[in-house]
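My questions all concern the structure below.
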C-alpha cells in the first residue's frame, strides 16, 4: 500500500506550477519584443515573375507595402495614401514612373515616393513635392524580390549582406514555394526550423523521410562558423534505439525503413562538389534574420519566415542545386515531380501544423533546445537596431549551451 | 385632453433608467464571479462509448482537457505540453499507459501526468519525473464519463456525491443528447432550466407540449427538500385563464389543446413506482453545480450545463426510465422515435435560442424569478471553494423569496 | 552625379512624418466624437411597405430598435426586454397595441413602451406600469419610415424640419435603394458624398458617366444657401485637360466620350420647372445630419448615411422626379431599367468601395477638401445636443475655406 502514497507524493512534487522553470523570454529582451520581426534586414518577398505592372499589396513587419514593376524595375512604397488612407495598390498608373491613388488621383513617384501630382487639384497643387510615402529599398536576386525594412536613421546595406554567399558566387538552379499568411508568429517558425529535437519525431512518418529510419535521439553541439554569421548544430552521437526506464525500448525501425538517414552530408559517398567546397560543419545552420540552411548531398534547402504581423508570417522555401548541364534538368524534374510536394508540401506542412498550434511562453526547455536558445542569443548579439548595445547573454549560465 | 397628458406623465415616471431595480448580480458575489463555472464539483462530459484510444480534446471551466481510454480506463490530462504549448490531444500513444506529444515526443504517464520520457532527449533526460501536466480525476457512471475540476488544496470527493441518489440506487434505462459548444454562459442555461416563468409561455406551441394546454400563470413556492441538496418549486395555484386589465382575456385554450397539463406528478393516475417512491414535492428541482430534474410520471429528465468558457457550455440532457423487462424496450422505442427530437431536440432547442440571445445584467426580476433567485442563493450557500464562508444571503430581504 | 544627391535631399525634406499637416480631427471636436452619429435628428430607416405586423430589428446610432406596424401606425421601441435582455423583435403580438417578449410574456404598449402585462405573472403583476422600454418617435413621409434618436432632455421637433422642403411641397415620384450594414463609419460615407475631389476621378469610367467626359479638376467655392440649412459647392472654373509638370498632359478624352458633362444644371437647355424653381446655386449640396442633394436637370438624387455603429451605416439613396402625368411613368421606367443599377448600383458601389477602405485620421487634406471641411464645420455649428455652445470654428484660419 506504500506505492499509491509514493505516487501521490511524486505528483505533488511536480505540480504543474512548480515544474515550469524558464517561464518567459525575458532572458532575451530583443527577441522578446520582436513580435513584429527584426528590422534593418533584407527579406525575400515573392518571385520576380509575380510582380508586374499591376500593383500588389504585401504585409511585412507589421507594415503594408505596395509592389509594382515599372520600366523593368520593382518599386515598393507604403501602401497607404496619406490623403485619406486609401491603399495605393488599388490604384492605377496614369504616368510612367508613378502610381496614382484611385480615390482622388494623388500621384507618387515610384523612385522616391514623393507626390508628383494631385490630378484633381490641377497642375499647381501646392502639395506636390511636399508629401511623400515611405519608399522601401528593393532588389532582385535569385529570381526573387528582396525588400529592406529599416529604421530611418540606419544606412541601407547592399542586399548581398543578407544572402548566403554561396548563392551569389555560384550558378544555381532554384525550385521553391512561397506561402504568404501562414499562421503563427515568425519566431515559432524560426525556432521550429532550427530546432534540433522535433525533426526526427514529428516527421518520422512523412513521405520525405520515406523509406529511411530516423534516429531516436542525438547528442548535439551548437557551433559558430568561421565567418561568425551562421550557427550550426552538429551531431556528436546518434542513437537509433533507446530503452526508456519503466516504458520499454523505442526505435523507428520498421520493415519498410530500408536505410538509416545519414546524419552528416560528409558521410554520403556522393556529394555535389560545390556543396562539398562549402566545408559545412553540419547539415543544419541558421543565420539572421532567420535563414535556415539544410544541406543535402546534392542540393540545399533554404527557408525564411518573413514576419507579416504578430500572428502570421510569409514562408519562403527554396531548394537549390549547383549542378550544371544535364544535371540542371534532372534536378528540375525531380523537384517538380517529387520534392515540391513531398518536402516543400507535406513535410514542411507538418511544421506549419506545429507552428500554428504552438503557444508559449510559458515554456519548459530541454537539452535539445540548445539550438533554439542559440538562435535567440544570435538575435541578441546581431541585432541591427541603431544604437543597440548587445545584452550580456553570451555568458549567461542559464543558457547552458555548449559551444565548440 | 387629459388622457395624453396622463400618459406622458406615466411615461416619464417609468423612464427606462429608473425602472431598473436590481441592476447587477452583486447580491450574489460567488455567483457573479462564476463566469467560468463552479469548481470542486463532478461534471458529466460525454458518453463512455465515445472515448477510446484516440485522444479527444474538451473544454471545461475554461480549461482544455485531453481524454483518452487506456487499458479500459479513461484518463484526463491538461491538454497542453509544458514544453512548447502543443496540445497533447494531437499526439499518439507510444507506450502503454502514456500519451506522447506529437512535436518532440514528450511522454506523460496517464495515471499521474508526470513526464516519463522525452523521447528525443534519450533515456537519461533530466526532466523525467520533474515535469508534470495536471491530472483530472475521472469516473464512469451511467454510461457517462465524469470529471472533477478542483482547486489543488481541496480533497476529491467520490463522484457519487454529485450524482442524484436515485440514479445510483436503481436500475436505469437512459436516453440522452449531449451538445458541446452551445452558445451562452452556463448560468443563463441553468437559470433558464429552473426558471418557473418561461416554460408555459416560450414552449406553448412546442411539439412536446403537443395537444396539452399550459397554464397562463402559477403561484409558486420554492422549497428545500429534506436532504437539503435539492431545491424544488411547487405550484400553489394554477391559472388557466386570466383577464389582463386594459388588454383582455388570455389563455392557451385552442380546439386542438385536448387536455390541461398536470401540474404535479402525483396528480397522474399512473406513476412509475420508483418515481413515486422518491416522494418528490414537485415536478421540477435543481441542485449544484446545476442539475435540473424534471419528474414526469413515467420517466425523469435530468440536465447539466457544463461550463466551457465564458460564452459557451456543454449541454447534457438525459431521460431516465426505471422500468424493467419489456418496459425498458418500450421506453427505448418511445425515446428514439419521439422524445429524442420532440423534447431533447425541438423543445430544449427553444431554450437554447433564449440562452443564446439573453443578455443580462442589467435585469429586472419579477415574482416568478424566485426560482432563479433561489438557484443563485444555492450557489452562495453550497459553494465548495476552499476556505469559503457563505455570504449572509439567506435572510436578505431583497431576495423576496418565500420558503415553506 | 548631382541629380541623385538632389533627389535624396528632396526625399529627406518630405519624409512621411513631416509631410502630415493636419493629423487628427481635433479642430472639429463635436465631429471627432460623433463616431456613433449626430443625435436629435430625424433619420430615414426603411420603406414603409417593408414594416408590417412582423417585428423587425434595426441598428441606429449604436442602439437596437424594434419596428412594428400596428393599426396602420409604425412604432419603434428599444429592442431589449429589461427583464432578461431578450430582443422584443423576436416576440409576438398577443394583444392589439402591444408587443410581447417571447421568453416570459412581458407585454409592452406600443404607444408608450410601458409594461402593460407580464403574462406569466398574472393580472396583478406589481411591475405593470412601473417598467418601460424606450419609445422612439417615428413618422412616415415619402414612403419611408423616419425615426428620431434624441437625448431625453431635448424636445422632439416635427419630422418636417429634417426633410428637404421641396420634397414636402411638391408631388414626387421616388425610386431608391436602401443598404443596411454598409462597411465604414458614417462620416466616411458623408465626406465621400459631398467631397468635391473624387467624383471626376474615381467614377471616370463608371457606366453612369457613360459617354460623357468628366473634367480633370475644378476650382470650387463652398457657399451657404439663403436658408442657412444647406451648404453647396460651386464650380468657378472647370478644366478639361491639364499639363502636369514633369509628368505630361492628362485628360479623360476618349473617342467614346461624346460629350462633356455639364457642370451646372442651369447650363442645360431643358430643366424640370420644379427643379429650376429651386434656384439651386449649384448641383451638389449637403445638410445635417447628412443629406446629400445632387440636382440633375430632370431629377434630384438624395442620400443619407444613417449611422448603425462605429463601423457600419445604413445607406439610403433616393432619386426624385417632380414630373406629373405621363412623365411619372417615363421616370419610373428609366429608373427601373437603367438608373437603379447604373447610378444606385455600380456608381455608388464605387463610393462604397472607398468608404470601406478609407482609414483616417491621420490624413493630409488638399484644396478640394474645402467641401469636406465645410461639412465638418456644419456639424460643429448646427449640433443639436442640449446645452451645446458652438465652438468658434467659423473663423478658424486653418480651415482655409473661401465662402461667397
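We just call them A, B and C in the order they show up, numbering each chain from 1.
Operating definition for what follows: a contact is a pair of C-beta atoms (placed from the backbone, for glycine too) under 8 Å apart; a residue touches a chain by one contact, two chains touch by 3 or more.
What you see is a predicted model, and the numbers here were worked out from it, not measured in a lab.
Enquirer: Work out which chains are contact partners of both chain A and chain B.
Expert: For chain A paired with chain B, the chains in contact with each are C, in label order.
Enquirer: Rounded to the nearest 5 degrees, how far is chain A rotated relative to chain C when their C-alpha atoms are superposed?
Expert: It is a rotation of 120 degrees, to the nearest 5.
Enquirer: Indicate whether more than half of the residue numbers at the chain B-chain C interface occur in both copies; give same if so and different if not.
Expert: Mostly different residues.
Enquirer: Distance from the CA centroid of chain B to that of chain C, rounded to the nearest Å?
Expert: Computed value for the inter-centroid distance: 48 Å.
Enquirer: Could you tell me which residues belong to chain B and also touch two or more other chains?
Expert: As it turns out, chain B has no residue touching two or more other chains.
Enquirer: Help me check something: in the complex, which residues belonging to chain C touch chain A?
Expert: Residue positions touching the partner: 7, 10-11, 14-16, 19-20, 197-198, 200-202, 216-217, 219, 239, 242-248, 250, 354, 357-360, 362-368.
Enquirer: State the interface residues of chain B toward chain A in the complex, per the touch definition above.
Expert: 78, 80, 82-87, 90, 94-95, 98, 102-107, 111-123, 125-135, 152
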